[in-house]
Amino acid sequence: MRVGFIGLGNMGSGMARNLIKAGHQLTVYNRTRQRAESLESRGARVVSSPAEAASAAEALITMLADDGAVEDVLLGHDGAMGALPPGAVHVGMSTISVQLSRRLGAEHQAKQQHYIAAPVFGRPDAAAAGELFIVVAGPSPQIERCRGLFDRMGQKTFVIDEQPPAANVCKLTGNFLITTVIESLAEAFALVRKSGLNAEKFLEVMTESLFTAPLYRNYGSMIVSDKFEPAGFKMPLGFKDNRLVLAAAEEVRAPIPMASLVHDRFLEAMALGLSNADWSAISRVSLRNAGL
Amino acid sequence: MRVGFIGLGNMGSGMARNLIKAGHQLTVYNRTRQRAESLESRGARVVSSPAEAASAAEALITMLADDGAVEDVLLGHDGAMGALPPGAVHVGMSTISVQLSRRLGAEHQAKQQHYIAAPVFGRPDAAAAGELFIVVAGPSPQIERCRGLFDRMGQKTFVIDEQPPAANVCKLTGNFLITTVIESLAEAFALVRKSGLNAEKFLEVMTESLFTAPLYRNYGSMIVSDKFEPAGFKMPLGFKDNRLVLAAAEEVRAPIPMASLVHDRFLEAMALGLSNADWSAISRVSLRNAGL
Amino acid sequence: MRVGFIGLGNMGSGMARNLIKAGHQLTVYNRTRQRAESLESRGARVVSSPAEAASAAEALITMLADDGAVEDVLLGHDGAMGALPPGAVHVGMSTISVQLSRRLGAEHQAKQQHYIAAPVFGRPDAAAAGELFIVVAGPSPQIERCRGLFDRMGQKTFVIDEQPPAANVCKLTGNFLITTVIESLAEAFALVRKSGLNAEKFLEVMTESLFTAPLYRNYGSMIVSDKFEPAGFKMPLGFKDNRLVLAAAEEVRAPIPMASLVHDRFLEAMALGLSNADWSAISRVSLRNAGL
Amino acid sequence: MRVGFIGLGNMGSGMARNLIKAGHQLTVYNRTRQRAESLESRGARVVSSPAEAASAAEALITMLADDGAVEDVLLGHDGAMGALPPGAVHVGMSTISVQLSRRLGAEHQAKQQHYIAAPVFGRPDAAAAGELFIVVAGPSPQIERCRGLFDRMGQKTFVIDEQPPAANVCKLTGNFLITTVIESLAEAFALVRKSGLNAEKFLEVMTESLFTAPLYRNYGSMIVSDKFEPAGFKMPLGFKDNRLVLAAAEEVRAPIPMASLVHDRFLEAMALGLSNADWSAISRVSLRNAGL
């Protein structure tokens, strides 16, 4: 398949590499060109503008940091939307707002292009290994058309709705759940440590009894060892997603107080200078507030 | 082993049965005698006071609803503590306060009896199947002495500390983590449902990707199907544990705001008349507050 | 003084009337022209575009609902900013974001115009009576130049800073404090009513002892009598200000958890259909959540 | 009137002095006798047990730190309740739990003694000046009988109910409102200071516009000047009252989330070593959490 791929950060570069390995023809664009060039030797064509990446694509994949980056790349100067051929499909895999996803759907439709939202769960190592979880929403025929791409990038693809924004809601809500895991563990550790227990021992009991999801083990270990750099997912990106889930909740009038609590944890963590740490460093707040 | 067993509720009756099956000699006591009698045919000796249950025991197990029940049974009229022989061990498996556990430790010691705290994770079906998770703290030799009992009642025994109250902290903190799972799922469902998504579909994506612990599937299904009776663990017991974890946190000066949030959910759920429902019915609050 | 006045809603119409009474020459613009015409008989000149209102003004006053309205009027088609003469001063009295205030400051400066932020405290009756509290920030000479205007619109003018956004921070934070009064009273009433006390009696004790600010009496009476319409300040405007104070706090990394709590109250109130009520109807949430 | 007075701390000594000045015959008891002796020269009779203070009293006033102290003094060894003559009235002015107040009512009745709950608002300087606000509940004839006492100790007496515990609910809820004022100011200061504003200036704007109650000025000044010692009302006493209002709310099933938030502030403040400071030092938490 002729694939345009825009956004070769920690996540995107692994995903693109897996598509190339599977024989797809990739035309790649990244704002800092150097990151794109490392894919050149593997067979990707590197271009200098989003428009060039889109102009001959059957499918255009975007994997960018936030709403602003997606808007720039699609709608800005030399943007991809103007260049994408009618009938081609844009597969938006970035974690963006529900609102922007809705707007992209409308604008692509006006241009007789297709749009699928396909955000992912997984950290950079999962992206590199082709083991992401991909949540997909959009018109069924287009999803089928792209299934070969999803199969290479992820270990499991969940098709959940015909309307693209549904996938974004799902992704943002999932990230919200992850933050509740981080926060709950942090508070638990604050309590057990101040009670004189060994936090590692406590974590072992939890993860070998009821909390068997690897998520608990992984984040729990990071928090216990107090090691948050290098960041798999940086604090400001985590905060951005917290803001997006709150915005989604505001729009539909659904109070989600745990997200409000986590919101304030992010602010506190960043006020303490933890902006370069992994987002799980919000756990430091609970420990600090207990005097630890 | 000669075992006194006090407390034959939803949990205790399954646990006692498993001990009998394994060949231990049980002397059982329950406030409402009927529940005890169902064990008689299986070989248990049924007695009429806590003291009788304790008087010839090598190990005395208590599995009761709350601090008050434990105090009554041990320290009240015809209480077990006065009758338990020196050298015998009291295995406290109820979910009680850290404070009471500390006090029991001291009082047993004064009487040259031993005390182990061994609270459990698991609902009545796990108790019946001998698949509890048991968290044990106390003097090592006594724990070893009782290992045969634990092996029959649980699928895994975690020995975590020499001081009994450590096990109670661990249990209460674990229950706190469970409440955060319930609450986070409830808030997530409120958001996805108001966004027009199918909550069951959302739950499937979550539990088949990152949230693979059965806990998420089990509580998630209860919440999605809005079915909270018959209760596996009743609302007021859940609230009691929430109060106990907050009390433990107050004592050591550790703020745990998620427990405070859940505290207010319990109050709201009970104000709405859900006191006979399973504790996971606190999820109704999030949905109701979103206008669902 | 030749004054352009844009925005003749509940607040603006009273303010404009007071300026006319004091002899200032007003050129007024309102999106729905009818509201402007009621001022014509009092001597105001009614115009059909923001630009006309600004073109001959020494001072341009804007009193609009939100950021969007201010942007439209100043920067949109036939906008006021392009027409305002160099050397004239824009007095922004709307409750807008810190961010927009900062941007207006920069854009006016680029056009050699002046900018003062002068948001107000007070409800429509205070606007009509010329009894607003006005919080002013901007260059001193411009503030002095406008003092005659402030004196007619308000009972007290607070000059707090040379930088306009400071006044917006002050206004938003003040509104935040008002929401904490409303919320705290609502929770207090929930508790006392469920305890069998008379809420009105309780309010009397509070307002005649420690909580003597009229604010407590006024909002307290509204809540006790459960009468929220007609709205002095509508729910969605209150929510907008809550969002703006949270945005201001996000920008400077200051967690303000009471605003997060109130945020969720607004969402719940709007989910319950209270969008046409006064913002103090968020109090219904606390009573409802207590089962009242 | 023959008055027994028990509890001569910061509050009680001023109150007792005012009663002596007014010509009442006081028999006083204090655990540390020295504090009582300072009243001897003014005409009080100093005794060595609660029972002696009560034995000839027409009215027995208690002004103690907490439930435990009240229980000791009334029901302990040489306790006052056993000695108080039938027909005499116990005026409980301490800030105690609703539950204990209810129990005292029942026990006094059983002994044909009377009981009035009459907790107060005001700090030690107001107690010394006879300017407390007194909230009274109990049987009307007994209240009338004691009115002369109230008039000397307070500037205003609010009679609110025939049932004593109503006064305790009112007092605890009022203290809850005070904590929301402290917390809201602290959060406001965190935001304005991080936004580059002068907190004192901000406080001035607030207290001279909408927040005119002296409470805002007084606590606001303490927070701005960061001066919390000597404590007018010590942190652990403030925390006790927070616990009592939460207990009252638990009993009647009324969620009051602002009290939960303040609860966690108290824990954090005490974890940071502020246990000797005035309760308003919980404000330090908001500033610290914003990185100030």
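Each chain carries a letter (A, B, C and D) given by its place in the written order, and its residues are counted from 1.
Please note the rule applied: a residue touches a chain if its C-beta (ideal position, glycine included) is under 8 Å from a C-beta of that chain, and two chains touch if they have at least 3 such contacts.
Quick caveat, the model's predicted, so the values are computed rather than measured.
J.: Show me the overlap between the contact partners of chain A and those of chain C.
T.: B, D
J.: Farthest chain from chain C, comparing Cα centres?
T.: So the farthest one, by centre of C-alpha atoms, is B.
J.: Measure off the straight-line distance from the CA centroid of chain B to the CA centroid of chain D, and report it in whole Å.
T.: 39
J.: In whole angstrom, how far does the Cα centroid of chain B sit from the Cα centroid of chain C?
T.: 53
J.: Among the residues of chain D, which are close enough to touch at least two other chains?
T.: Touching at least two other chains: 194, 249, 253-257, 261, 267-268, 271, 289-291.
J.: Where on chain B does chain D make contact in their complex?
T.: 243, 249-250, 253-257, 260-261, 263-265, 267-268, 270-271
J.: Inside the complex, what are the residues of chain C that reach chain B?
T.: It is residues 194, 267-268, 271-273, 285, 289-291 of chain C that touch chain B.
J.: Of all residues in chain A, which touch chain B in the complex?
T.: Touch residues, chain A against chain B: 98, 121, 133, 135, 156, 158, 160-161, 163, 165-166, 169-170, 173-174, 176-178, 180-181, 183-185, 187-188, 190-192, 194-198, 201-202, 204-206, 208-216, 245, 248-249, 252-259, 261, 286, 289-291.
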